[in-house]
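Heads up, the next two complexes both have subunit A, just with different partners, subunit B and then subunit C.
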Partner chain A sequence: MNQDRRDFLARSGKLLLLTGAAQVAFEAILRGEPAAAPNYRTADHWWGMIIDVEKCIGCGNCVRACKEENDVPREPFFFRTWVERYHVQEGDVEPPDVDSPNGGYDGFPERYRTNDGSKSFFVPKLCNHCARSPCVQVCPVGATFESPDGVVLVDKTYCLGCRYCVQACPYGCRFIDPRTKTVDKCSLCYHRITKGLTTACCETCPTGARQLGDLKDPKDPIREFLRTHKVQVLKPQMATGSKTYYNGLDGSVR
Partner chain B sequence: MSVLFGHKEHLVRMAALFGVGVVAFLVLQALLVPEGFGVYGHYRAGALEENRARPVAFAGRAACVECHSDVPEAMKGGRHEGVRCEACHGPLAGHAGDPAEKEAVRPDSKALCARCHAANVARPARFPQVEVADHAGGEACTTCHAPHNPLAPGRASQPGLAPGTAGQPGLAPGPAGHPGGVENGGTK
Partner chain C sequence: MESILQGVEGYMYPNEMELQWSILIVLYPYITGLVAGAFILASLERVFRVESVKPTYRLALLTALAFLLVAPLPLQLHLGHPERSLEMYLTPHTASAMAMFGFVYLWYLMAVLVLEIWLDYRKDIVQLAQTTTGPLRHVYRLLTLGSYDVSAEALHVDDRAGYVITLIGIPSAFLLHGYVGFIFGSVKANPWWSTPLMPIVFLFSAIVSGIATVMLLYMAIARLRGMEIDMRCVDTIARYLFYAFIIDFSLEMLDLIHRIYEADESFHTLDFMVKTRLYLPHVIVQIVLGTLVPLGLLALTQVVKLTDRARRGTYAVAGLLTLVGIFAMRWNVVIGGQLFSKSFLGYTTYKMEFATREGLLPAILLMILPFVILWVLVKLLPPWTDEKPGVQPAA
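Right after this comes the complex of A and B.
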């Protein structure tokens, strides 16, 4: 950015006069992106998701919808969201059997029997949109970041493809897009939620097992849900500040 | 004082060097740091806008019912009430934008219904499931079931609720809410 003294003084002056949100909005207008300023104000939102494990039927709608909505590579093993099937032996939580054939894209062929004392269930996974993301902390160039409204995003034009973040994510939510050689991950459908739509996975989940929520909106059902349910985040011991809350999560899930 | 300023060319040289360094730093910074970097944090502010710029593929239920207002009526009170349009009909933002441009295709019920309702032990036991082959005998689901309201009264028969449905409990018909119902004010 070319910055002469006049610019510098003007900017400093504004910085002193305007603070916080006003400054952000003003900057957006200055950049010629007034759309970023009104209507949707990042400071008014703090996005998270609840996943009700007991409602997930493993239909794979979320996986297919996500690939469709976000142009995720169709070849196997590239997923922004996927569904895992856990199989736990009676009285023996460790180790669980986990499988996720093609991420659940084609559903789950029947594999286990009912009456052998074991239990099995589905667990949808996606980026946990951590408030203290390990992946963001390791990015050497600032190509991935926590947005002011709590979404972990990737700046695809700025990513080097160094893969530090892929290794840093404790939830395995990142991959290198084979076409661009840059990192890709769940964006919580940022292009949708900032327009008042829900995410593609929540839109297509037939049982309401996944629900997007705005944790800053006092009227959002997610607030009531979190108050009235015993929820858990994945790997709480890693203190990632995950904002994907699981209801009915079994201890075997990691 | 003469010790300090007697040989002031040293100081001038150092000051000049420092000045050159500062200028070089500012020039490099201006060249290398992209526009908008650091406005919100350690990243390019424009990346937010770029992430927002993607076109949507799924129009969302609100867009569907703008024209198809009869369908929510049909779904009312039914077990599929909480299921949104594009969960079954697929991504139709193109159709919502211009119905002539992209035609909505009626999904094949045999494949579609089985995605959710084929018996699988990992599914919650109370979720209605059937052994598709035994249950339908190759018949399309929609022959007996109205997909928008599968338990609507007056439908010819509801074989899914007859005994012998793959030993799946929880299939008894009743007013019990759809397992994937609209708890907590519905899906968001």
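Right after this comes the complex of A and C.
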């Protein structure tokens, strides 16, 4: 009897404790903290992104969300992601007219007429998370590196601020954060994707023009998309192993 | 903010509007080039036994050291976190050209230049340690590193060792400055920089600028000390300057012609840039004033028989213009390479500041500093082995 009671108390105690732990874990999941993805293994993932140029409406949601989520300086020359508007004249492909007022942060004011034979479209840009990154190659101390799951990251406590990587990026994706005097760039919202969430820009894109994808996950829709669409990367001649795939990319885009 | 957006023309990627590398990074290859060039001139005497340039041998070595000591300072000043720069040595990223440069620099400074100077001066240092009075005596005693043996055998060993070090030093000097060229030439994202010719163009321009500096310093110091300028020496140096300059100019023109003829995707952008924003520093200062005029002047001294006085004047003008031209070349590479967008659709402007960390003022101070160091070095280790004016020092 005595034994039973002790047993009962021990069991109830464990149950209470476990329920409490589960409760804490669930709250953590809701907050999007590490407990939400305790089993994240870098070796199981290989991140990339698809951008559907046809779907982008130039609303600038992604730019605003990125700046908000990642505390990017608000000045118009610091962007982890930005949107460009291309305007190509009929029969006159080169050079295109390109603008990106405030990186597309405030959207795009009407500028071009639609019936003059020209075409206009928006191209979102971000770090291409190259598999053979020129920026990673040149960093003198290895402060910028490719993570095993295919994301190019920066260790801000290690960066010298020499700016060599900024020079080496062919896409203009890097800048020096004036507050920390270290380099900054798109981290593919690493703090989110390792918890099973998508990036801030993909989350807020109203048309699904940007989609994060795990190229190692056979069930990820990105695999199907890449199989069924003719995609292109930016500046393929740079041979950087870019993992940002554009669908419907016009030849005038650079 | 407005100031950054001003001067932007066409389309630049938003992150590109601010220039990353300032005038300080222009100084870095300029100063390193002077080091390499001065050393190569010094090694002419040592390895190739060009006796006539002997009066400048020690001066060239000290000049190289003075500039080499300053070479990392502009880089250091430019870093966002200078306090972390030692990480380049402690945890280098071996794939990085910049990280490896640190080792090339250290090798060159410690294993080549300092050692060669020490060996060459050892006899003088021992003598000075024994004759000098006052606190300087302790400095010289320290410099002897405890070795007071100046017997004939010991000096012979010094001489042999010095010879071997110079032998190693020549490829090291080539490496030092060729490597600076590689730091730029290997950036594939930038068509203005990305060419395999870059290291060799840098190297020859370095030789040109180093020779010009030592020639001018020699003439200036001789005048200051009331010594007669050894014309045989200056004539020889000027001839080497002329030859090196011809190679340098040919390489640069080869690069230019190749670009114009190939006219790849970046050509339109670069061509436009050279004809507009870079017209003054590139075409006028670098090519015409800094190359063609001094080349013409040097050629003149080779074909026309001029008086000593006229030759000295011509050399001085040619030397000064050469230094201006090579500085313009560094400027056009470093700053020019950042004035256009990697989208090839737009241009920005470099707005040099004055009394800021990366402004003109620190740049000027950094250019004066090597001369101050050189003055101290010359006081400490007089490069003249003979006090009689105009007399060749004993071999």
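To be clear about the criterion, the second predicted complex is superposed on the first by the 216 of 254 C-alpha atoms of A that agree within 3 Å, B and C clash if a C-alpha of one lies under 4 Å from a C-alpha of the other, contacts with A are read in each partner's own complex, and residues count from 1 in each chain.
By definition in this document, contacts are C-beta pairs under 8 Å (C-beta built on N, C-alpha and C of every residue); 3 or more make two chains touch, one makes a residue touch a chain.
These numbers come from a predicted model, not from an experiment.
When the two complexes are superposed, the chain touching more residues of subunit A, out of subunit B and subunit C, is B.
Residue contacts after overlaying the shared chain place A:172 against subunit C, while subunit B stays out of touching range.
Of the two partner chains, both subunit B and subunit C are touched by A:158. Of the two partner chains placed by superposition, A:131 touches none, neither subunit B nor subunit C. In the superposition on chain A, A:142 contacts both subunit B and subunit C. Contact with neither subunit B nor subunit C is seen for A:233 once the two complexes are overlaid on the shared chain.
In the superposition on chain A, A:192 makes contact with subunit B only, while subunit C stays out of contact range.
In the superposition on the C-alpha atoms of chain A, the part of subunit A touched by subunit B in one complex and by subunit C in the other spans residues 142, 158.
Contact residues on subunit A toward subunit B in their complex (touch as defined above): 1-3, 24, 27-28, 31, 33, 35-36, 42, 54-61, 65, 68-70, 85-87, 107-108, 110, 112-114, 120-122, 142-148, 153-158, 187, 190-192, 194-195, 197-198, 200, 202-209, 211-213, 220-222, 224-225.
Subunit A makes touch with subunit C in their complex at residues 75-79, 82, 84, 95-100, 103, 125, 134, 137-142, 158-164, 166-176, 180-182, 238, 254. For subunit C in complex with subunit A, the residues that touch the partner chain are 1, 4-5, 11-18, 20-21, 75, 78-81, 84-85, 87-88, 91-93, 95-99, 102, 183, 187-190, 338, 341-345. Here subunit B touches subunit A in the complex through residues 30, 33-37, 39-58, 60-61, 80, 82-84, 86-88, 90-91, 115-116, 118-124, 127, 167, 178-188, going by the rule given at the top.
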